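Next come the structures, one after another.
In the two complexes that follow, subunit A is the common piece, with subunit B as its partner first and subunit C second.
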Partner chain A sequence: MLSYNFTYELKLLIRNKWLPILGLLLVITFAFAAFNGNSRTQKRIKEITNIETKTELSDANMLKLLDSVEKGLEVKTSFRNIPNTPMAIGYQHPRAVTMTPNGMSAIAIGQSDIFTDVIMPITVDDDFGIDFTEMTSSIQLLFGSFDLTFVIIYLLPLLIIAFSYNILSAEKERGALRLLASQPVSIYKWIFQKMLLRFFWLSQIVIVALVISFLINNIDLAQIQFIWLLGLILVYILFWFSLSFLINLLGSSSAKNAVFLIGLWVFFVLLIPSSINQIAHSIYPIPSRNKMVNTMRTLKVDVSKKQDKVLDHYLRDHPELASKEEDKGNYTFWHKYMASLDLVAQEINPLFSLYDEQLEAQQSWVKKWTWLSPSLVINKEMNRISGNSTADYQNFKNQALAFSKHWRNHLIFMLYNKQPFTTKDYRTLPKFTYKPLKLNGIGKHIVIELILCVLIGLLAVFLFKKRLQKGIAILNN
Partner chain B sequence: MIRKTIIKELKEIFRDGRFQFSALLVLLLITVAVAIGINQYKNTNEQYKASQSTERNIWDNQGEKNPHSAAHFGNYVFKPKNALALLDQGVDKYEGVSIFLEAHSRNEAQYSAAGDQTGLSRFGELTPEFILLFVMPLLIIIIGYNSFTKEKEGGTDVLLKSQGISNLKLTIAKLIAVYIPVFIICGILFLVAGIILSFLKDYGAFNWARLFSLYVVYLLYYLVFTQIVLLISAITKRSGISLVSALSFWIISCFIAPKTASNIAELNYPYPTKQTFLSQLNQAKKGGLNGHNPWSKESKALEAKLLKEHNVSHVSELPFNFSGYIMQKGEEHEAEVYFKEYSKLKQQFSNQANTYKALAFISPFLPARFLSMGIAGTDYESHMAFAEAAEAYRIKTQKFLNDNNMNNSKYGERGYRADADFWKTLPNFTYTPVGLSTVINHQKTNMFLLIFWVILSAILLFTSTKKI
Partner chain C sequence: MIVTTDLTKKYGDFTALNNLNLNIKQGEIYCLLGANGAGKSTTINLLLNFIQPSSGTALINNIDVTKQPLETKKYLAYIPENLMLYPTLSALENLDYFSGIAGKVLTKSEMEVFLQEAGLQQDAFNKKIKAFSKGMRQKVGIAIALAKDAKLLLLDEPTSGLDPKASNEFGMLLKKLKQKGVAILMATHDIFRAKEIATHIGIMRHGVIQHQFVADQLSLSELEKHYLETMNY
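What follows is the complex of A and B.
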């Protein structure tokens, strides 16, 4: 029977012009989406390369200048620009702290339009003064991007619904079901086979569309992440087919089936995410940023009032930095400034980390409830693969801040040791390398979703058999 | 006959389980969304007031200080929340809420709500505008998709015709019947919102005219959807096909079109990245006067010009302090640089806005979206107006401080401090949101586009129902 069904379905699909239209539609949307994701990625890579080249150039100039100064040659620049003090380096020659997009970055814009991948912390910055936001038109942020995640999470289910909502009901409405009933096959087996075949064909088309869109946009296919992506997409397609199977078995008319399935789509794709989101905000509200500004300002005023004492306190806490007896009191503006910066940071850091803590609390709450909607699970996993999720940017932020601190301490140590900055010191300057988050547990999510699909299928069969036992004639309603 | 048809249709709609369920769901969602919105609105408003007065207090009580130190200490201004943000938050969430005003630099607004949220928030939030813009059209589809197809499927179209009703009258009656539920739900929502807002204390820029204009925009938007849904129902044979087609229209208008438009806009008129923008600014600033560098070529030229004007041989003989003067001139140069660079950005934004308008022909959602946030005062233009008011205030503040330095200190004097009371004489920052008539004037094209959609869909509907 499967082979009959197979040839019949194939003939039907081809004659219907469904396959080519669907195929073409999918290839176009996938290619456009991948193109959008890829242009964003390329823009980011270009930006990072730009900054790195600029830094290299400026470093080369600095080294030349330094070399001349060390050789006792005369240099034509204002004394402020001579890079022979640690503070001049810290202020005028920041390192580029960058987060290079990974090879799969094109599949999801994620948070990459809100946050920047490049910061250049200077020693006079407060850590909380570092701005991690990117410059994007707020309309674009509001509308979001047409990327592969959008196509897969939002649009693919709708195509599946359009492709399968009336498998049983159309037969009924056309009157072909009576003919079928005369055949020795149970109805749910027959629908199951039909569904399976449609799943098979749609998956083939999606895989081909995905591969084409990757090839067109020069995205590397030969990476393990691509397999994970395929697994996620296929299980997501299967999820929607299993829902459609359920509705087909239990539903009645084509229109009613479509309404039910669209209702499920609205529920899983729109309502659950926005509700979880809203609840997360209500349980873990982010404290007012305005209030934080007020507190920060008050602190700065306090610190500036006791400016003279600040350095004493600072040196008491950092005895390793205090200069020897004979140069006591020989401190410059920089010493005082860096000390007061440290004091403000100490006071304000707890307040500052409150935001990260609340955000993390929100995130773990959201994580706890994402299983409610497979759309959310797949979205989350795709974002993780792309390396553009909130967690990835949070990770970059933490590493960047740690580096900024390290960089500052490195130079402050030289400042207090009254060390001039030399060509030799350049080699020992701290360097930043971004360490991406580990990508594990995707297989687990795929298996869980797969089990969910099987459960939905079993539930459908169970409910259908129950209806048959109750004597509800499938043919007549 | 029209009246009877309307009554019959309405009875059928209200009896339908799917309508009852979805209407109930919509009402429930709206109630939750408005309740959350009011709460948020109250909190932000209180916080805004508190922050503003605290900040002013900090500024006033700086004590004796050099005016330029005060200029670097700077001040913060906070963005007030517009009353109608309760119904449409627009881009508010993506724009910062406070701007730090300091010497030499124009800063971007900081701390957008989106920066403090999880990635999930990009899926959308349960806000009134989410329901108004996305869910209500869906409700229209559920009410109207089978309006004509059910007659065809049930064979009642023949019966209807035998009653002598003209197709035009039938279409008008069906249109009114499908429109009424949405008209009522939307009306209740706006009325409740209006009453709540006028009872809230310090409701800021709220007025009924704005609310009413917003209501009209949504009514037009829903009229387009109702007409399109009926059109699809009239030209298809089966309810299932009609439903799927109407839903495709919904998906294309509300999801695909805006996202595609945003990608096309970015592709053709890209925004600079933050680092590029900053380095362009620094480059432009370098080429001119810097108040902290009296040795530069530009400063020397200015000095020579000034000496000649006042007919003196050294800057110390000028009737004012040269350092204060050059600081102010440097500030003016920098302000000009910022103005130029931000004008470029604004130009890029307006190019992007034109892309959205050009693509409005594939989606009535786009003009409605822009009109809605424009009227609610939560669009990008409103944010820009605030940022520009802040910048104007920053320039004024810098002049206020530099003038004090220029007129009260002597050349070469170190450690000059202005009186502790001096800070209090700085005028307060005031910002009046853009008025309704300006908004409407500004949104003319979008208004026209939305009305164009109404007319187009009406023509299509009535010509296609001539022969059913």
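What follows is the complex of A and C.
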């Protein structure tokens, strides 16, 4: 039966133009989506390269100046700009802290349009924590970006529904089912094969469309992540086919099948994700960004008014930085300022960490309920592959903050030890390298979704056998 | 070939078929006459196991229809009232597909022989079914039955909607099958065609066979009289 179904299903799909239309549609949407994702990635890479080039140039200039100063030559620049003090370095020559997109970044824009992936932490300020607080664009939230993840999670199921909603009901309505059912073949096996074949052809088209869209946009295909991506997409397609198999075997009319399946689409793709999101936001509200900015400003003003006191406190807390007896009292503006910054940081930190805690609580809540919708699971995994998920930006933020602290402490230590900054010190300046999150557990998710598909299939067969016994499966009801 | 014993189908309070006892042997054509809702189609649906009987049994080739439905379907062919095939496939392709999924592998020349035997004109073999008339589609249906080497043919009002010539051709075809030893059960409104081709005729009303005749033993007018009497009863 399979070989005949294979041959004739293919003939039918070609003759009623399903395959050519699907093929064209998918190639165009995939290519466009990959183009969008890739443009975003390229833009980010360009920004990062710009910053890095700028940093290199500025470093080269700094070294030149430093060299001249060290050789006792006269330099024509304001004393503030002479990079022979740690604070001049910390203030004017920040390191570029960047999060370079990975090779699969183009598949999902993810959070990359909300969060920044270039930071230049300077010692006088660490307000950049604010860059990571959420700025929500309602349009963006509503529609998402038109990237591959969007096409696969939202649009592909609709195509699958259109492609498979009436496999059984059309036969029934046309009357061919009676003739089929009078043959010595089991009807659910027959539909199962038809579904399997349609799944097979759609998967082939999707793979081809994906490969084409990658090739057109110069995205590297030869990476292990591509295999994971394919696995996720295929199991997602299978999930929708198994739902369609279930609805087909439940045996309503074509129109009802279509409505049921669209209902399931709304449920899994829209309702569950937005409910989980809404609930997460109401249980763990993110503190207001405006409040955070205002509090920070007020604090700074307050603290700057009492900088002398602040310094005393600071030195009491950091005895290692206190100057030797002979220098006592010989503190500059910078000493006071950095000490006050520390105080601001101490005050503002609870606010920042509240933000972090709430975000983490939200994420772990979402994680707890993600399994409710395969759309969410696949979406999340695809975002992880792209390296642009919330968790990735959270990871970058933590690394950036840690680096910024390290960078500041490095320079403050020099400041309080009254060390000048020399060419030699340049080599020991801390450097930032982004360590991406490990990509594990995707296989586990694929297997879980696969099991779900099998369960849906078994349920469908069970219900269909019941209907066969009642005698309502073949005849019109 | 077909044996039913007290075959009954009830839908709630309504009895669609009441204690039907039939015995159709090889080479017999049994025509079931009756108005709409008399139970003719119910009988055929029960024999195909599309619906389950409330009580009684139906045997096809001595195999219980409800217990081994797929086994019984190896021996039978069925032509529904409105035979629908795949419109975008040709006659040959439809024949190939329906035989193929049932496990019968046919060569092209074998298929052409079957289509010819079923009376389909040669130039229609490779044409798509969507352009076919009901008579032509039924011929493809017969070809499927021939290819299956069916021992028994179930027909549900096959001549309704056929023009007299097509109806006549169809009758001839059934006679040919009868000579090959096929048992045929045909539900019909067409008294004339029934008289002409049947070996046995049953008149059905309210799910019961009210009268049963050997076709040779009465004339067409007698049959018509009995029919009308049964209906007006």
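Simple rule for what comes next: the second predicted complex is superposed on the first by the 439 of 477 C-alpha atoms of A that agree within 3 Å, B and C clash if a C-alpha of one lies under 4 Å from a C-alpha of the other, contacts with A are read in each partner's own complex, and residues count from 1 in each chain.
Methods note: a contact is a pair of C-beta atoms (placed from the backbone, for glycine too) under 8 Å apart; a residue touches a chain by one contact, two chains touch by 3 or more.
If you're wondering where the values come from, they're calculated on a predicted model, not measured in any experiment.
Once the two complexes are laid over each other on the shared chain, residue contacts for A:Q469 go to subunit C alone; subunit B is not touched.
Looking at the shared chain after the overlay, A:G175 reaches subunit C, while subunit B stays out of its contact range. Of the two partner chains placed by superposition, A:F6 touches none, neither subunit B nor subunit C.
The larger set of touched subunit A residues comes from B, when the choice is between subunit B and subunit C.
Legend: residue contacts after superposition of the two complexes on their common chain; A:K43 is shown touching subunit B, with no touch to subunit C.
Of the two partner chains placed by superposition, only subunit C is touched by A:N16; subunit B is not. Once chain A of one complex is fitted onto chain A of the other, the partner contacts of A:V185 are limited to subunit C, with no touch recorded for subunit B.
Judged by the touch definition given at the top, the superposed model places A:L270 against subunit B, while subunit C stays out of reach. On the subunit B side of its complex with subunit A, the touching residues are 18, 29, 32, 36, 43-44, 47-48, 50-51, 54-55, 58, 61-63, 73, 76, 78, 90-91, 94-95, 97-98, 108, 110-126, 130, 134-135, 138, 142, 145-146, 238-240, 242-244, 247-248, 251, 255-256, 258-263, 265-267, 270-277, 279, 293, 295, 349, 352-353, 356, 380, 383. Every residue of subunit C that touches subunit A in the complex is listed here, in rising order: 45, 48, 50-52, 70-71, 73-74, 76-78, 80, 82-86, 88-89, 93, 96-98, 100-103, 141, 144, 154. The residues of subunit A lying in touch with subunit C in their complex are 1, 3-5, 8, 11-12, 15-16, 174-176, 178-186, 190, 469-471, 474-475.
By the touch criterion stated above, subunit A contacts subunit B in their complex at residues 32, 36, 39, 43-44, 47, 50-51, 54, 78, 110-111, 114-116, 118, 120, 131-146, 150, 154-155, 158, 161-162, 165-166, 169-170, 173, 253-255, 257-259, 262, 266, 270-271, 273-278, 280-282, 286, 288-294, 297-298, 300-301, 304-305, 355, 358-359, 362-363, 366, 376, 379-380, 383, 389-390.
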